[in-house]
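Chains here go by letter, A, B, C, D, E, F, G, H, I and J, matching the order in which they are written, and residues are numbered from 1 within each.
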Amino acid sequence: MALQPSKIIETFPNPHPNNTYTIQFSTAEFTTLCPLTGQPDFATLTVEYSPLEWCLESKSIKQFLWSFRDEGHFHEDVTNQILNAMVTACAPRWMTVTGHFNIRGGIDFVITAKYSAK
Amino acid sequence: MALQPSKIIETFPNPHPNNTYTIQFSTAEFTTLCPLTGQPDFATLTVEYSPLEWCLESKSIKQFLWSFRDEGHFHEDVTNQILNAMVTACAPRWMTVTGHFNIRGGIDFVITAKYSAK
Amino acid sequence: MALQPSKIIETFPNPHPNNTYTIQFSTAEFTTLCPLTGQPDFATLTVEYSPLEWCLESKSIKQFLWSFRDEGHFHEDVTNQILNAMVTACAPRWMTVTGHFNIRGGIDFVITAKYSAK
Amino acid sequence: MALQPSKIIETFPNPHPNNTYTIQFSTAEFTTLCPLTGQPDFATLTVEYSPLEWCLESKSIKQFLWSFRDEGHFHEDVTNQILNAMVTACAPRWMTVTGHFNIRGGIDFVITAKYSAK
Amino acid sequence: MALQPSKIIETFPNPHPNNTYTIQFSTAEFTTLCPLTGQPDFATLTVEYSPLEWCLESKSIKQFLWSFRDEGHFHEDVTNQILNAMVTACAPRWMTVTGHFNIRGGIDFVITAKYSAK
Amino acid sequence: MALQPSKIIETFPNPHPNNTYTIQFSTAEFTTLCPLTGQPDFATLTVEYSPLEWCLESKSIKQFLWSFRDEGHFHEDVTNQILNAMVTACAPRWMTVTGHFNIRGGIDFVITAKYSAK
Amino acid sequence: MALQPSKIIETFPNPHPNNTYTIQFSTAEFTTLCPLTGQPDFATLTVEYSPLEWCLESKSIKQFLWSFRDEGHFHEDVTNQILNAMVTACAPRWMTVTGHFNIRGGIDFVITAKYSAK
Amino acid sequence: MALQPSKIIETFPNPHPNNTYTIQFSTAEFTTLCPLTGQPDFATLTVEYSPLEWCLESKSIKQFLWSFRDEGHFHEDVTNQILNAMVTACAPRWMTVTGHFNIRGGIDFVITAKYSAK
Amino acid sequence: MALQPSKIIETFPNPHPNNTYTIQFSTAEFTTLCPLTGQPDFATLTVEYSPLEWCLESKSIKQFLWSFRDEGHFHEDVTNQILNAMVTACAPRWMTVTGHFNIRGGIDFVITAKYSAK
Amino acid sequence: MALQPSKIIETFPNPHPNNTYTIQFSTAEFTTLCPLTGQPDFATLTVEYSPLEWCLESKSIKQFLWSFRDEGHFHEDVTNQILNAMVTACAPRWMTVTGHFNIRGGIDFVITAKYSAK
């Protein structure tokens, strides 16, 4: 069945719960709309986390990030929303989400949001 | 008034018709949908042309490229469609449109379509 | 209404005050005048901060940096002035302002000014 | 149905036969075996061509290149074989196939094979 | 005396009129205003020419490019204006002026204007 | 005798057990199959460790990494498997294994697994 | 009056003594003579410091570095001499001077000398 | 049997004599001795040719380039010697040999020797 | 005996007069004085030529370029002077001298002077 | 007298024993032989140390590294041997030797050996 944009983030059991390790994934293909002008915004999005019991499933990651394509979002807000949703989904040791938004008006923005279980 | 996606490409009179010169513009923010799977595709699009009587207006370029965001297009087809529409709009000496489409299945594609007024 | 250079820095309420995160923005388009010779100086300016209650509004950032275009400023002074003004505007956890000034007489300068709330 | 390695290269009708244009695709994921030692070889493979009536279909390209994974091939031979097979499949105006093979014994090889319809 | 912005381009006699050679100069510090919005635009400007009897004097080049700082100009127009003024000043064999204007609305522009004495 | 893929990792006695030092090796030629689709995956694999009594033998490293070529493995799992096997083989002070997997669906993954003897 | 090489380093009062900040300057145009062979040596010189009451004046920096042009100096010695002279001139919190000397006999040298007020 | 340095260059029959193609190989590991001082020299050596009936065998290339390790050679001479020997060995359509010799006394040298069958 | 700056350029007989080849050498260590201000100028100098009967000797090249260190020269003039002197010394098929002079006042200059025997 | 390969490392008295500083040198021209096959190996070697009473003399460094050219050495062993010999020669505060060995069999190795006086 064809992939669809989705707000649901699927997970799978951490295959090596006795190892401490990190998972980082990155895409240059994140796009939303500006909530003020409706014009498209573009960013490179990077997520890094250390799994405890659950890992984020990769097809599901793609569908979740796709779900922002037709929505209006401010840079600071959407980066933190993604962090909060992914932390809720997989309950990691820690997670960092970085959104590097393309130049607008000669200025680019990088938002870096962090979660720690402790 | 807010910008909108638009299939109309506006032009303005070439301010230096007695000079021979080229205009190149490029954006890393071109996106369409795959006509088979509906999933987003992304490309860097570059256009270079030598104007005769008309130049392409920059806000209009942005709106025209935006108009492909929610449409399904094959790489080869959309690159040539953009060439044909821009040539029709400004009747240049010559024009080249290059679409560098992001990696899918480990393979990236670069389509380069050229027009010459002869 | 058209944007104007402005010494006023506008803010908006931090949309995720319960998250600890950083905001970095950067522009390669900062220019002032040399206070000794009147000749233009150019710099890449980068600001990074961790917001508490307020975030810096992006259009306002652009107008504020623009306001230095016709003023005479020494490198060390203007970098610290920008830090002080932005800290006053948004009262962050911490902030760093870096000005990387273009080569003059074979030498380039990088000024890095830091503020911490503690 | 799952993709399989395949020696068949599928094509589709050139959507813009009245335009002269080029199609380039590239993958960093080409691998064969050394026919002397049986050890894996790796290459970046780039194909560029100008279509006449037919274009190479992208899933089929992936399956065709995959079909060399478990076969023994010399660099010079396999690059020319790929050219010959792709030319037979789509009968282009011209085609260039470049294989950039990874360093072995401190030396890397780049084989560039060209076909022209005239 | 302090340098000033100036529309006058000074020259000096070609010290090697019997040699055929080219002079290229480039600055990342060209700035004008947008004639529609009044906001600053920035470009990297490159000039290359082959002198006949006269060469462009370097301090004068700086003052001439500086003279556009507070004026409103479209990209296509200003690049050709600079070409025309410099050709008038030094009557070269040929000259090329390239303006690479910074990203606005996700799109950057490169204007390349050429003059040839023949 | 020709090299073969092998799950056995050979070692040799640390030639400088009184020195504290690290050994890092890296290959851009790691390939496995996707366990869901059977399609090839590719990664750059980097291993860094501090030896105690034993060092990993380089030909054996090549054969061990080769042994994954025809097996199906998830990114998170295979990176940790490699760490566990190499730690078992040489009992180092500490070891880090990093797998940087090529882009699939617009997203690349970097898995970093760490072991420490303490 | 024309600039001259000079062993005197001029300073100006720190305009923001209540801020903690750093000043870094760098030049690719440092040259001395080899004290053994008399042949020219070249280096990229970088200085970073945190000012207390005084800042180093930029024209004076240029003249001071110029003063080594016709003198014979070993790499290790001249880098430390520059540190000592600049520390004496401005009494900073801390200062680092790095000299990256061009390749001689296939080997390049980087000398990094540090001062701390505590 | 172990490889040895050798002045003999082995060839194999061109597997695709009906195709026109080029073979380029490159090594960053070419070293000779300076004939004046006996000190080692180092170069990156690149060979490109279009085969007619014979191709250069890759192990033999390695042994041939190795044979210069303990010999004294001037840059201009050895680059042309390599061209002449390889042309004699495989009688190509054309061949280019480029030696990029590492910096000595602040100057690097690139020698490019070409042969054409016509 | 120690090397000295020298206006004499020594040559040696072309060791392969029957081959057509080019010799390129480059240094990042060319420095002169500005004839107006007396301040040091710096350039990367590249020379490429095709020898007929004579080649330029490398130690002599170093001494010749060194001889400009304490002399005042304009960029356009000194680049052509070097071309003329080297052409006189070795009478090549053709020669190109390129001087890439470091940024002054925000502008860098590249002078490219060419000689051809025909 | 001509330089020769030598196992003796000469030193000179630290000219600034009251300053704490580091000396780093690096060469891309380190070569040995593989002790198993006799074939040449190549590495970039970097040494960094903080001198106490003695500094390593640069011509002597060149001769010492040259002395490994005709000897067979394993990567791990030779990097530690160089550390031990240089520490013995100059008794530094601390020293790090890094050997980055070129790709063999698709894998490169970086050995980093450290010494500390405490």
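Criterion: contacts are C-beta pairs under 8 Å (C-beta built on N, C-alpha and C of every residue); 3 or more make two chains touch, one makes a residue touch a chain.
For clarity, every value in this text was computed on a predicted model and none was experimentally measured.
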Quiz prompt | Repeated interface matching B-E, over half of the contact pairs identical, chosen among G-I, G-H or A-C | solution = A-C
Quiz item: Distance-wise, how many Å sit between the C-alpha centres of chain E and chain J, to the nearest whole number?
Solution: 51
Self-check item: Separation of mean Cα positions, chain J and chain F [Å, integer]
Solution: 28
Quiz prompt | Geometric centre distance via CA averages, chain J-chain B, whole Å | solution = 56
Practice problem: Would you please write down the residue numbers of chain B that are in contact with two or more other chains? | Solution: 28-29, 39-40, 42, 102, 104-106
Quiz item: What are all the touching pairs of chains?
Solution: A-B, A-C, A-E, A-F, B-D, B-E, B-F, C-E, C-G, C-I, D-F, D-H, D-J, E-I, F-J, G-H, G-I, G-J, H-I, H-J
Quiz item: Once bound in the complex, which stretches of chain I touch chain G?
Solution: 2-4, 28-29, 31, 37-40, 42, 66, 69, 102
Self-check item: Interfacial residue positions of chain D with respect to chain B in the complex
Solution: 14-16, 19-29, 51, 55, 58-59, 61-62
Exercise. Using the touch rule from the top, collect the residues of chain J that touch chain D in their complex.
Key: 39-40, 42, 102-106
Quiz item: What does chain F use to touch chain A in their complex?
Solution: 74, 76-77, 79-80, 83-84, 104-115
